[in-house]
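What follows is chain A paired twice: with chain B in the first complex and chain C in the second.
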Partner chain A sequence: MNNSLIIKKDTKSENTLQIFKTIIFNQEMVLLLSILFLLIVVGFINPRYVSNRNLISLFLGNAYIAVAAIGMSMVIISGNIDISVGSLIGVLATISGTIAEAGFPIWISWTIPLAIGMFINFVMGILVAYFRLPSIVVSLGFMSILKGGLIMFTGGAWISNLPDGYALSQLRPLGIPMPIYFMVILTTLTAYWMKMSPLGRSFYAVGGNSEAARLAGIQPKLTVLKVFILHGFFVGIASVLFSTQLSVIQSTVPPYLELTIITASVVGGVSILGGTGTVIGSTLAAVLLAAISSSMIFVNLSPFWLRSAQGLLILATVLADLYRRQRQLNK
Partner chain B sequence: MFLINDFRQQINLKNIISLHESVLLILLIFSLTILSIQSDKFFNADNLLNQGRLLAEVGLVALPMTMIIITGGIDLSVGSIMGLCAIVLGYSWKNIGLPLEIAIIFTLLIGVSSGAINGLFINRVRVPPLIMTLATMAFFRGLAEGISKARSVRGYPEWFYFIGQGEILGIPVQVLILALSIMIFSYLLSKTVFGRSLYAIGHNEVGSRFSGIPVNRFKLYIYSLSGLMSGIAAVVFVSRVSTTRSDMGSGLELDVIAAVVLGGTSIFGGIGSILGTVLGFILIQLLKNGLALTGVKGDATIMVIGLVLIISILISNLLKKFYPTNS
Partner chain C sequence: MSQQIKPPVVHLKNISKNFPGVRALHNVSFDVIEGEVHALLGENGAGKSTLIKVLSGVYQQEHGEILIDGNPCLLHTPHEAQRAGIATIYQELLLLPELTVAENVYLGHAPKTRWNTINWSELYSRAEDILSSLDAEDINVRNLVGTLSVGDRQRVEIAKALSQQARVLIMDEPTASLTETDVNRLFETIRLLKKNGVAIIFISHRLGEVFELADRVSILRDGGYVGTKKTSETNQGELISMMVGRTIDTLFPKTVRKAGKVVLELKNYERIPLTKKTNIKIHAGEIVGLSGLVGSGRTELAQTIFGITPATGGSLELNGESVNIQSPEKAKKLKIAYLPEDRSQQGLIQPMKILENISLPLLNEISPRGIINNKAEEQLAKKMINQFNIRSTGNEQIVELLSGGNQQKVVLAKWLATKPDLLILDEPTRGIDVGAKAEIHKLMDKLASEGIAILMISSELPEILGMSDRIFVMREGVIVAELNRNDATQEKVAEKMMGVEQQ
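Right after this comes the complex of A and B.
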């Protein structure tokens, strides 16, 4: 009687410890704590880092990466990858600007990029799902096509005389920049949808084991196609957020943009092998990466070392995640 | 009817790899013909040898990349290793004051160790190659930027330019280096236990482990080789353009992967050949050059290469369906 009571007590305390551990060792939590840690430490060294102005510009300049990473996470979860996303954002931003400049209603210049993004990704999805071409090859090809097409079309010229009211990203309802609303709302809705809806769950199933998913009555090909179309939708939104954040649209996107987006997904806990991960993780990771690169300026690190520090941090996050997973496997 | 059957049989005798290679060869001859009709400057020895100079760097790196992709891996960090090596070469010669010969050897050592870092992490920590090399792609480029601080190094001694600008018997030196490397790599890949094991690893890594193939050691070798060849490519590149900058080789990884994939190496591993890769990078360079000569702008050329990449993979995939083989 006494003994069993003691055992019961032990298992109970172990259980709470277990729950505590799963909360702490959760990738999203690790990311959140890292963000807070970074804000506190760097804020302590240089208080201007945590000033309202810096935090807002940090989100403003990077929310589109988080939005694109939502789509990217879906693609990676389904077991594919898209390295053309940076070029596509550039192309869609230019299309959006050109439409606005030509005098069409503003809402058309905001929605056409979504449609074109979905169409281009639809084509990629067809090639990947129905013609069984590897997604890395298809998107490599599309990257060349889009990049070449963009420079050929614009000739490197910037679009500068944009109409009033076009700058969606510069709107500030309740003092908070628009991109932050997009980032938070889209992430929350998508995370919920991917957890709760049959289609969202089928993305995981196809990425985890395509054959098993097929036997369970899911159509893998159609699912992959849907993933790509949805991805195109998110890339479209990201490109509008990107094109409207400044008063000019450059014909280039930041270098290695596609890698930044993939990195956000992967650091956010989306396994490159498919089947696991959440979009909350990828959004937190996008915020963390942005906070890291911004923090380097505030701790007076020479900008020349910035990229190598970023590389090390990516590696550290991935290693921490792998370590966590191996521990889980060993249990 | 009889003829078709005969044709089908003939194709069946060959394996998929040579099927893809023949598609490439036909594509190559086709584009050569069209381009030489379009421009009389295209098909002459001077121009073609000059193109050899330009494709050497991509070619050198594409050889170990073929091996890596055959094992089912990938190396995105090659462009950054090339940038790092270029900076190390310039810095150790100009700022540390090493003799240039020693600096070159030191550079190649840095190249090998950069590749070995990739290999070690992929082996020991089991980081997927895509992620590992994505991280080191940023890391090595960052090191190059940090060491160089945006300064370029110029004024190398005269003999150094021989590697990238000189010629032996009318053939550019780097084309000879490339030709020698092609021979070594195709021997390694097709005739040695090491090379054949790479295919086995690509088909089934766990199976290879159980059948006694030293999977980890071989993977370490190929990533180190990739670092070494990126180092050699950096030396050739610096010698060709007579200056050193930290952004050298950016975007190289995609050109290289495009060449390898165009050459029929399966991104899923297990299938591929050096011959295919060689055809791949020659085709890309000739298209770039030929289109430029016929008056197409550089950016449209990138588009054409993207299209060729997708179409060639599509065609060989469709052919595979119509002429299935046992392999």
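Right after this comes the complex of A and C.
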């Protein structure tokens, strides 16, 4: 019967098949193919979707999400989560704008958010790592504090007297918007660093099994603290890219921003249980999410579908991941 | 009526089961009759778990049939197996710690009142009846399961199986995590069940238990059926050679070695309240066994030496120098390695590759200028995989997918890559098959010959006696005896462990 066929499979063809499967089932490849598929299908229905102008505005408006998702991916890989990220971006953007409006040098308004982002995440990291509070609780608390604080201090007023030269995101060296440079360069550098540095490796180790990592001589508490500080750095950059997009800053927290960022990480293949995933995946997923959201306008779907589409995407990814792991384990 | 012989309760006939690329079971037959204990033996990966899963409805066989009381039967789901009277007690007990004993026993089929709510008084009295039928009246049915010892929980599992009218009880390595006393009590319970006509399928890696308990024993190897023997008509040597397909003439390799200089010396070393005033010396090239019941402080002593729970008093000298070890990181720098008791919780990063697990303690060493040297990492892993004979698809395999024995070898490889002076092994061969066990024993012997000082903790007395040059026995946090290899016997060590003094 065909049982003997299964067993006596020639090893060489099996290897080729295996390599082929690894490439195809690789999360990054799936995302890339999905993006291309979307561009082709929607572009066919409405060619304006794939026009230069739309593609550039698509990246311009969403690159900061990919940058924030880099930090988020690190946090999730280390076995934690941060749901205050959206509120922090809102706060840091407002701080940046306020500093610029007050007449300080522009480079200060670009760098202070990084420092404050790192400091706030340092505090969260201390609470998570050394006081052993669950990160979901800590970041839930910070989400409320930051959101409430923002409304209290600004009263919801917009910042519009921004000085010339502040709009970093509107620069276009070689005709390509600045945020795209940030997204591509930061993703590449971080992906390399996560793979090749002992600290990056220890993020995976701590997220995979904190106790075993500790016995191997890694200090899990310090590692988690470093993860949060680095995350704060990326959130800082994301907030500046966000605040310099338009000529006004709304002083509010963009709705559902933290969910979009977490979705990018999870859909990008970062296991919500920690220990696996890459930032290339999360950046590709952020691009895919942006492409989906933009496509809705071009095929005349209500943007309210976007939330449902995102939700379905998360469930599909997690299910696919689960299925894959199950199959590996049953072998 | 005729003199017809009663058919076996369960009869598996020519069962085959394949997974993609793997022949898990091939033409395996197996039966168990009323009131019999039938042991199932085989190395890890021999197909025991698959066979159990077929019998308990988790997997479906591709060929062959299952007869229950002589009638062909299809078991598509665990629920159907349960209804057919087959209950399985897995290694990891599936009890809910936050519920009471009685609730656990009747989980899913608690007696109801006519209002369809749980009839609590009935629930407690029925649970009590079942426990007393197991001679386990000492367990209070109103206690939370979370407060019970592992041994008691196991008896609750058995009660749970009986509450479902189980006639066939499958026990997967029930003694793996039990103390000596609990094992004895479990055996009494099993004998009682046997007398009441329950058929028991018993899986264990400990041959002594098989001979003590089983009437018959069946052996599987590489998914195939090797044979069935009456325990009264066979011996350990024969069973081992049937399991591994070769004869292991010396169970424990033993080279005569000369002990070198003192590597570790503890003086009044303690971690109150877990361990008190420990004084021991371990020499280079020596294997020192540390024996004691679970909870005697043996693991705690090891963890204190390795800096997991730093000492509260006394001193530790390493190669003649007094050192203070506050963290595993420090211990690693001082060339101490610790192979933990629980390999999946403490030993390995499961989602990582073999290569990444092996290089973990040496990350900084293989990363000149802060960047991991991939070549050095690969060579290190390759060397260790060869040296330890780790069976895998290569460096890149995720350790989660390896068998228990090979996972343990990865943990050992990881620590030996750090070239330690002192190697602490906590239950180095728990839950791994005979073949891998022998390999690990051989490795230990070789490492000691190379001059590493080894401190080995084990619950298995034959292992302690077979491998150690000297043996320390711990009880209630204190070293109560030091025995030389030549004077030590199982009885002596066991007596010291349990505090029974000879008259």
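To be clear about the criterion, the second predicted complex is superposed on the first by the 318 of 331 C-alpha atoms of A that agree within 3 Å, B and C clash if a C-alpha of one lies under 4 Å from a C-alpha of the other, contacts with A are read in each partner's own complex, and residues count from 1 in each chain.
Just so it is clear, contacts are C-beta pairs under 8 Å (C-beta built on N, C-alpha and C of every residue); 3 or more make two chains touch, one makes a residue touch a chain.
Since we're looking at a predicted model, the values are computed, not measured.
Student: For the overlaid complexes, name the partner, chain B or chain C, with more touching residues on chain A.
Tutor: Chain A has more residues touched by B than by the other partner.
Student: Please work out whether A:170 is in contact with chain B alone, chain C alone, both, or neither, and reply first, second, both or neither.
Tutor: In the superposition, A:170 touches no partner, neither chain B nor chain C.
Student: Going by the contact rule set out at the top, does A:252 touch chain B (first), chain C (second), both, or neither?
Tutor: neither
Student: After the superposition on A, what does A:306 contact: first (chain B), second (chain C), both or neither?
Tutor: Only chain B; A:306 stays clear of chain C.
Student: Scan A:148 for contacts with chain B and chain C and give back first, second, both or neither.
Tutor: Only chain B; A:148 stays clear of chain C.
Student: Determine, under the contact definition given at the top, whether A:319 touches first (chain B), second (chain C), both, or neither.
Tutor: Only chain B; A:319 stays clear of chain C.
Student: Considering only the contact definition stated at the top, list the common interface residues of chain A for chain B and chain C.
Tutor: Shared contact residues on chain A (touching chain B in one complex, chain C in the other): none at all.
Student: For the complex, give me every residue of chain B touching chain A.
Tutor: Where chain B meets chain A, its residues are 74, 121, 125-128, 130-132, 134-143, 145-146, 148-150, 250, 254, 257-258, 261, 266-268, 297, 299-307, 309-310, 313-314, 317.
Student: Okay, in this complex, where on chain C does chain A touch?
Tutor: 16, 18-23, 62, 306, 308, 327-329, 331-333, 338, 340, 345-352, 356, 360-361, 363-364, 367, 370-372, 374, 398, 400-401, 414
Student: State the interface residues of chain A toward chain C in the complex, per the touch definition above.
Tutor: Answer in residue numbers: 3, 6-7, 9, 14, 195-198, 201-202, 204-205, 208-209, 211-219, 271, 275-276, 328-331.
Student: Touching residues of chain A toward chain B in the complex: what are they?
Tutor: 81, 83, 127, 131-134, 136-138, 140-152, 255-256, 259, 262-263, 266, 272-273, 302, 304-312, 314-315, 318-319, 322
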